[in-house]
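Common to both upcoming complexes is chain A, partnered first by chain B, then by chain C.
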Partner chain A sequence: MAITFTTPARASFLLRMPKLPGMRFLAGNKKARLALIILVPILLLTAFASYLPLQGPLQTNLRAMMQEPSFYHPFGTDRMGRDVLARTLAGVQVSLLVGFSVATIALVFGIVLGTIAGFFGRTVDRAIMSIVDIFLAFPSLLLAIGLVSIVGTGLIPVILAIALADVPRFIRLQRSLVLSLRSRAYIDAARTVKASQWWLMSRHIVPNTIAPLLVAGSIAAANAILVEASLSFLGLGIMPPSPSLGNIIRDGQLYLQQAWWISTMPGVVILAIALSLHFLSDGIREALDPRARK
Partner chain B sequence: MNFMQPITDTVLQVHDLHTHFLTETAVVKAVNGVSFSLKPGERVAIVGESGSGKSAMAMSLIRLLAYPGKIVSGEVIVGGRDITKLSEAELNGVRGSEVGTIFQDPMSSLDPVMRVSEQMIPPIMRNLGLPRKEARDIAVGWLDRVGIPDAAGRIDAYPFEMSGGMRQRVMIAMALSCNPRLIIADEPTTALDVTIQAQIVELLKNLTAETGAAMLFITHDLGLVARFAHKVGVMYAGKIVEFGSAADVFAHPRHPYTQSLLRTIPNAAGAERERLLQIPGFPPDMRNPPVGCSFRERCAAAQDRCAVSTPELTFRGVDHSAACFLPNGLNDAPAPPKPVKRAIRLSNEADLVPQQDILEMHNLRKHFPGKATFPWSKPKTVRAVNGVNLRMRKGETLGIVGESGCGKSTLARLLLGLDEPTTGEIFIAGIAQMVFQDPYSSFNPKMTIFNIIEEPLIVTGAGTRPERAEKVRALIKQVGLEESYLDRYPNQLSGGQRQRVGVARALALNPSVVVADEPTSALDVSVRAQIINLLCDLKDDLGISFIFISHDLLTVRYISDRIAVMYLGEVVEYGPAEDVFLKPAHPYTRALIDAIPTPDPAIEAQRSINIISGELPSPLNIPTGCAFASRCFKVTDRCREEKPVLVAHSQKRDAACHFPL
Partner chain C sequence: MLTYSFNRLLQLVVTTLGVVTLVFFTLRLIPGDAASAMAGETLSGEALDRLRDQMGLNKPILIQYFEYLRNLVSLNFGDTITTGLSIGDLLLTAIPITLAIAVATIVLTIIISIPLGTLAAYLAHKGHKTLDNLITGTAMLVDLMPSFWTALVFLLLFSLTLGLFPASGTVSLDEPVAFLHRIALPVLVLSVTQIATMARITRTAVLEVLSEDYIRTARSMGWSELRVLFRHALKNAALPIVTVVGLSFGSLLNGTIIVEFIFTIPGLGSLLVNGINSRDYQLVQTLIVFYALFFVSVNFFTDLVYKRLDPRVQF
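Now for the complex of A and B:
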């Protein structure tokens, strides 16, 4: 009696999936498809890196220093004979973790504070926005460098430092979205039946801001990956020997003439990830806004 | 090049025009074989509902189609040349100099960062080959002719420094400035207020008569056609289904669609209040137009042959042709649709017991403080609602009319508690609910119809979940939709269906008063009738009181027991609908009734129309005396100094005028 698993509820859920215009569109959108073609293999390789026949990312082999890319070392080896592919994949893990965490933190704080500022207006709005404006006055990389030099290096401080620079942007974005939604007729319709402010925000406002926020979120993730690489390159991010795309590039830059692959390979991977995240955000935007389609 | 100029007296000849929109997924056949011609000095109106292809047709005539529109076949002959075969450079010689264009929205068709002079003078220089100074004189002359005060000075103004009416006058001056023989106007007055619309229509009438230019104008307003057009073409599904002189088409329509359309609007004479006719079904999908007559599925007179072959336009008399197999359209049907005899019932005085007042407003005011120019100066205040006293009895329908900016929508917001009044009090026995103007923006696009109708019940904590579901199903049936619609999203519904959902939501909490703010103005003519019938039925069945806010005076007259006329935040006249309409007491009411064209050329021809001049004064600077003094034809010094109050004019009527009519 194995067939009784399929409950009608589950079946109807599956039937409903194609109704989401975004899902259907992502599958048919060229940019989004290209992004997924690049991202999915990178994600798979990263997730299953430990099962690949590679030496560990920290394992040195002094007999095989600075070897050119080959079958056994597809990305070559570095000055201590470590496998660059293994290190790059470990670095991608860090990068993706940073990108995803920063985007999540920025989205959560942005939605909460931006909605409060935009919805209530007046004093609350002025208080939140004046703090936001102060943060927006600093270049995001400088802000991150300053914070890391105070708090110290490492994964968590890097994530927090980058997120701190992004949160004000998301608050500002969410606030402007809320302001444009606040005067919609359906908000008035709900107010005529004395709906609570919580109801208005959670039912009518936030669900209608999610789409543009997701677009901004995927760009923020790409940006966070680049900032993390920059910080690590400057020696302010993830500390060696733990690999990060930034510090691998930094390691290799001294040997660019003798061993170009040490810096170039992780560089290409960063480019691929950042580019595909941008494509993905374009795809999401086009999926959600029919006017963006040509 | 020497073009042979055929010796004809036609300005424009269109032969079998086909315009398609080649979208990614399908070909939308917007215009499907249109032929007609225009003589000099003729004003031809093209009417049709949205999606009938009337705008695509008009834009094809000057090849201004938006991407991905394309003229597929046909000829458009202007001045002996076929527009469809000209190059872009040759076209620019035709546009402006031979064909002038007036668009719907004067704000978006004038460049906001260029002075009027910069937009007007270069085309005159180019098309008439004149030096700048003379071109400027011509431009000033035209601005003067279209009624722009101080034209020589105003020509250097920016569009945003002018009102909507003024901008449309500038558009008209621009269209006429190079002496075109043909003017194409796409909904030229739709974006304007009724009194301004009347002024613009009068202006266009006089100017085309003076210059002898022919005019093709697109509209959905049958009243405007009756007032303005010599001839009318009715478009349906990309084809002209009836064409003829306006008087003849209105008096003896031959095509079933025209016949139906004319019966969906309230009777212009206003005597009988029969139920309005509803046209069943929907217009065909133009991606896949049906074989045969495209109206057959909605037509009571449809026969077998209508599904096989397409009727062509055939003559039905002098200057009158229709595309129907039957000589008299619906009148030849075996069972012509009869108006349902359930007449709309007006509430009798006897039914209305004074004790049953359901709504009272006392000295209601809403002022919006503006920004002060200097910190020490007194900020200017917009007095949107400026002392309104009204009362409504149970089961009564109150119509509120007035131009935009008269405070009628603010009044509605005060009644619903969306805004707090500055001073004054509102008493409502029970609760008030609202039907919104634009049924699309009044629904959260992320919610299903079920959730939308259920929302008021959840918010007020009414009943358990199954009880609420039961109530929602009852409501959707009450507004004439099937239960299957409940799972859909607002964008999957047509305009009329959405407005029904809007009504269902308003009824969810069993309100005692329903405020309907322009509930039909975003809808097509044939759908309007459905919504008006629905509101009338609900009034009868449920005994709900309605406040019906509109600038469509005919509809207000049809549906209302009483009318309140508002001007600059005040009620200037109040009384039984029929009385107010037939014998207005306040000069403004009179002007408003005159401004609104009736959809009957015979009546229009007999009316003595007094069009008021000027525009609504800014609500920032309300005059000290009578608010209407600046536009009134009976104005005296007393009116400018002493403010008239709303007093009893006759037994049932109040008016705020020192010298009532």
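Now for the complex of A and C:
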């Protein structure tokens, strides 16, 4: 689950991409299509989970404990007879919420602070980047663990902790994007016709950074889903009985031998989601940068 | 090189001070304070005040900060709040274990992933699409598997079903063979992810180099394919690979926390998780600072190696 997306060298490569030309690429790009083929069914199942003929995710059934996967319980049942599929789908809801929220928070703060640091330079830049460097001194999961130990467990604290660990990475990415855009000829041209700083930033710089940020954003979402699962697995994230993919797997850990499905099935789902988000990211990159196509 | 190292070292010191300061003041932001958070509902009034005195929380915050710095510099980490054990001693027993796991993982990763990545690049270069796709596809899939899940699957397969490795039991450095046998499975779990990452990076880096003129020149001089691949291509592709070895050290540290938890290995990660669960802020604070310093130092050495490989890099 090693995910690195903000080396400066790669940032300048990402910049070669033009602006985002709508979403037409989703149909035309092979990887993006593959991502949708995995993601859409998961999204639909999750959205309509309550209409499926399944037990509620919290509902126990002591007469059907630890049953193998079957037609009525496709993912089997756990030690309290709860349906693992229903719990997994509820967990996917949490995962998607975490992934989306973290990516959004990281993008917004990354764009604002990264643009300020890169565009104004000097003292502002040094102030922002020295704080960023301190945060980057922590491995991401460790930072999230540390933050959760302070803000507490539960959905909102977990989102905040993971987002706070991601924001510095996005500030750094956005800053390096802005730095290499700042010296482009068209920016000089805009300056010569007396464009204001705000105009330069909002019309010429930020729009050109959106595409590479989206590529990084979808990877950050995948990463956030994995970190949330890890936190919940360690007992530091979403607390049972509320299901999350991580704590379902933790539940099943004790019954690995008698009921392998409890831990295995949610893991496969996490893997599928992470994989599709990476395909999506590759797809966006390929659609926007002809050079990335092979 | 010397100026560069010095500047980089200076930056290291500044970052370190920043980390220590950040951790110290963040832990003071806890609603209530560390004492009441730790005691929960069990203490009140006078007893709580005595605990605060004992933890030095009644002194002015700046005094606390400088005392904390002084203690860190003199490697005096104090005692754990809950069990009263010396944190220094706990660290001394835990560090070798975590370090052994990390080093074994890195060695195994390098031995396997670099030849594998180079092979995949060579295959791609020669147009053997299927084999290349097989290697890169598997690598991507493995790379994205959550490490705790991989650990459980491996535990189920190799330990519970095949009985090849112990799933639990004592961990002692005094018996090297038993120790290696005990950490083999965690190392395997961590390596699988690391190998996937490294092999992908190696493939990309080598593939890029393979179409360079000097590779053609090397071939035209009649060197064998193996020599061209490993002496000429890999050497020039080393730069991004070294960077990633450094960067992935962070994910390796993350991974050790998880495998230690699953395989109940008494390393730094288990200390951390237990410390958080028992709200032992003194211990957690020390561990987090320690992890960060470890990570920052590795990055520092990576940068030095990088600079040595490519002298054009500017500070």
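Structure notes:
Note that in this section the second predicted complex is superposed on the first by the 271 of 294 C-alpha atoms of A that agree within 3 Å, B and C clash if a C-alpha of one lies under 4 Å from a C-alpha of the other, contacts with A are read in each partner's own complex, and residues count from 1 in each chain.
The rule is short, and it goes like this: contacts are C-beta pairs under 8 Å (C-beta built on N, C-alpha and C of every residue); 3 or more make two chains touch, one makes a residue touch a chain.
Given the structure is predicted, the values throughout are model-derived calculations rather than measurements.
When the two complexes are overlaid on chain A, chain B and chain C sit side by side with no clash. When both complexes are overlaid on chain A, the residue A:126 reaches neither chain B nor chain C. In the superposed pair of complexes, A:236 makes contact with chain C only, with no contact to chain B. With both structures placed on the common chain, the touch criterion links A:137 to chain C but leaves chain B unconnected.
Contact with chain C, but none with chain B, is seen for A:146 once the two complexes are overlaid on the shared chain. In the superposition on chain A, contact is made by A:267 with chain C only, not with chain B.
Between chain B and chain C, more residues of chain A are touched by C. Of the two partner chains placed around the shared chain by superposition, neither chain B nor chain C is touched by A:30.
Once both structures are fitted on chain A, no C-alpha atom of chain B lies closer than 6 Å to one of chain C.
On the chain C side of its complex with chain A, the touching residues are 11, 14-16, 18-19, 22-23, 26-27, 29-30, 140-141, 143-149, 152-153, 155-156, 160, 193-194, 197, 240, 243-244, 247-248, 250-251, 253-255, 257-258, 261-262, 272-273, 276-277, 284, 288, 291-292, 295-296. Interface residues of chain B, counted against chain A in their complex, comprise 413, 416-418, 432-434, 436-438, 441-447, 455-456, 459-460, 505, 509.
Of all the residues in chain A, the ones that touch chain C in their complex are 1-4, 7, 9, 130-131, 133-135, 137-142, 145-146, 148-150, 222, 226, 229-230, 233-236, 246, 249, 252-253, 256-257, 260, 263-264, 267, 270-271, 274-275, 278. Partner chain B is touched in their complex by these residues of chain A: 184-186, 188-196, 199, 203-204, 207-208.
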